[in-house]
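Labels run A, B, C and D following the written order; every chain starts at residue 1.
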Amino acid sequence: MEYIYEHKDKVRDYECDLQGIVNNANYQHYTEHARHEFLLSKGISFAELHDQGIDCVVSGIEMRFKVPLKSRDEYAVRINIKKEGIRYIFLQDIYRLPDNKLCLKAKVEAVCLINGRLGDSNILAEAFGMNISGK
Amino acid sequence: MEYIYEHKDKVRDYECDLQGIVNNANYQHYTEHARHEFLLSKGISFAELHDQGIDCVVSGIEMRFKVPLKSRDEYAVRINIKKEGIRYIFLQDIYRLPDNKLCLKAKVEAVCLINGRLGDSNILAEAFGMNISGK
Amino acid sequence: MEYIYEHKDKVRDYECDLQGIVNNANYQHYTEHARHEFLLSKGISFAELHDQGIDCVVSGIEMRFKVPLKSRDEYAVRINIKKEGIRYIFLQDIYRLPDNKLCLKAKVEAVCLINGRLGDSNILAEAFGMNISGK
Amino acid sequence: MEYIYEHKDKVRDYECDLQGIVNNANYQHYTEHARHEFLLSKGISFAELHDQGIDCVVSGIEMRFKVPLKSRDEYAVRINIKKEGIRYIFLQDIYRLPDNKLCLKAKVEAVCLINGRLGDSNILAEAFGMNISGK
């Protein structure tokens, strides 16, 4: 798969649990942070959107855990995006560096809440070079 | 759906993010903690298993986020379990209390690593009253 | 020492790190959650205060780590409070249950920001039965 | 103050709480991660030490919270170290970038547990160019 964005980072020891591997919930943090960095690279601030009454919320996540990351590992979160109706689908894979071993495959479905109601935001669609129907 | 186990708890403020709602990754924490409590109720300690060379690891998660939990909300994580081959499938739903509004539907797939290799542990199957093939 | 409030809880496995003990930062979470529960018991909601433009912020913390908590441990966070000028000093000790072994001694200094500026809030002083100078 | 090590990083949105600022406990994470990076730069792995029966544990922390970090802020954790008897004292200050506003002053006291007993590890003292008495 080709990706349109990549965020590189490194495991922090406190993210590892008593099994000595990164606790699963942290992969969700990794994907969220990479997604927000991707949005920022498109000029979209998650926090500013919130202040404007627009909340991007995750409505669903599917994750497949492959090779676990450990203390000191570096990794890359690679991202693709597509639009299905009013939903944005982020395909996010995490690879260990430098051997590019696949650690996580995630599919994250997000929707926009505009003043608390489900809606569609031109800001996002335009930032991703999509029209409102995702083309 | 009927459930075989329930763990009740309360949102902690630090679990809420700048949108004022529980950050999604924390639902994964909630489901993990409830699962471990469920295992403990069956006499199985996640930490002791690890010391014996048996690691229960989550191989996949699917979550649907419904109503978000907020500061001060109390909630119940309700659990069912089934076995498919060597995989344990935990169906875990989170309800807000006292109105029983559905907040999260999660399907968590776990496998056993015995000394690092994929295997099947009688300890778990027996604890859940299943034979090795999950019946 | 006598305490005026107690919050009981239980270690969650994801709070333990690769040393098999509760990661230190989580003790800060424990003290924060217990403090907010204490405030709630006095009719004060941390989140509602924030919506009214009043933010209680921690300006300083001192912690002494004694016996570490481990997986499955239950604990009690016990609290005292005093006022020094415009600062609220929370003395918070964490004990392992049921053996009452001291795990943490914390001194947490908090101040009120009213619309972003350092101030004093009657709401808090009154809730704790103090006058504005802490008597 | 002059520092002997610096770790730069960036706030992740999930580290901010409902007040819109980085939750205090995360500063403890920041200081821990920077400390472990510092140790790694000296050839010392926190996780490998643990496997050898040597656990560096934090026995005390003092933190003064100054300017809060917010979503998207970049920061530097700057470190100094001194030895007092068998204790290692890490002086760790966090500055917002690029304006170098002081956000946190932390004093972290660590000791070595060797197979669970308080001791002194040559590994650490030598890595920091100190003799056993910290000179």
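Keep this in mind: a contact is a pair of C-beta atoms (placed from the backbone, for glycine too) under 8 Å apart; a residue touches a chain by one contact, two chains touch by 3 or more.
Please read all numbers here as calculations on a predicted model, not as lab measurements.
Contact with both subunit A and subunit B is made by C, D. The chains touching subunit B as well as subunit C are A, D.
The chain pair A-C and the chain pair C-D differ in C-beta contact count, and the higher one is C-D.
Remark: subunit A and subunit D have CA centroids separated by 29 Å (rounded to whole angstrom).
Subunit C has its Cα centroid 33 Å from the Cα centroid of subunit A.
If you average the Cα atoms of subunit C and of subunit D, the two centres end up 23 Å apart. Of all residues in subunit D, those touching 2 or more other chains are 13-14, 16, 18, 20, 23, 25, 29, 32, 47, 71, listed in ascending order.
Remark: subunit B residues 13-14, 16-18, 20, 23, 25, 71 touch subunit D in the complex. Residues 12-14, 16, 20, 29, 32-33, 36, 40, 45-47, 70-72 of subunit D are the ones that touch subunit A when the two sit in their complex.
Residue ranges on subunit B touching subunit A, taken from their complex, read 18-19, 23-26, 28-29, 32, 47, 50, 55, 57-65, 68.
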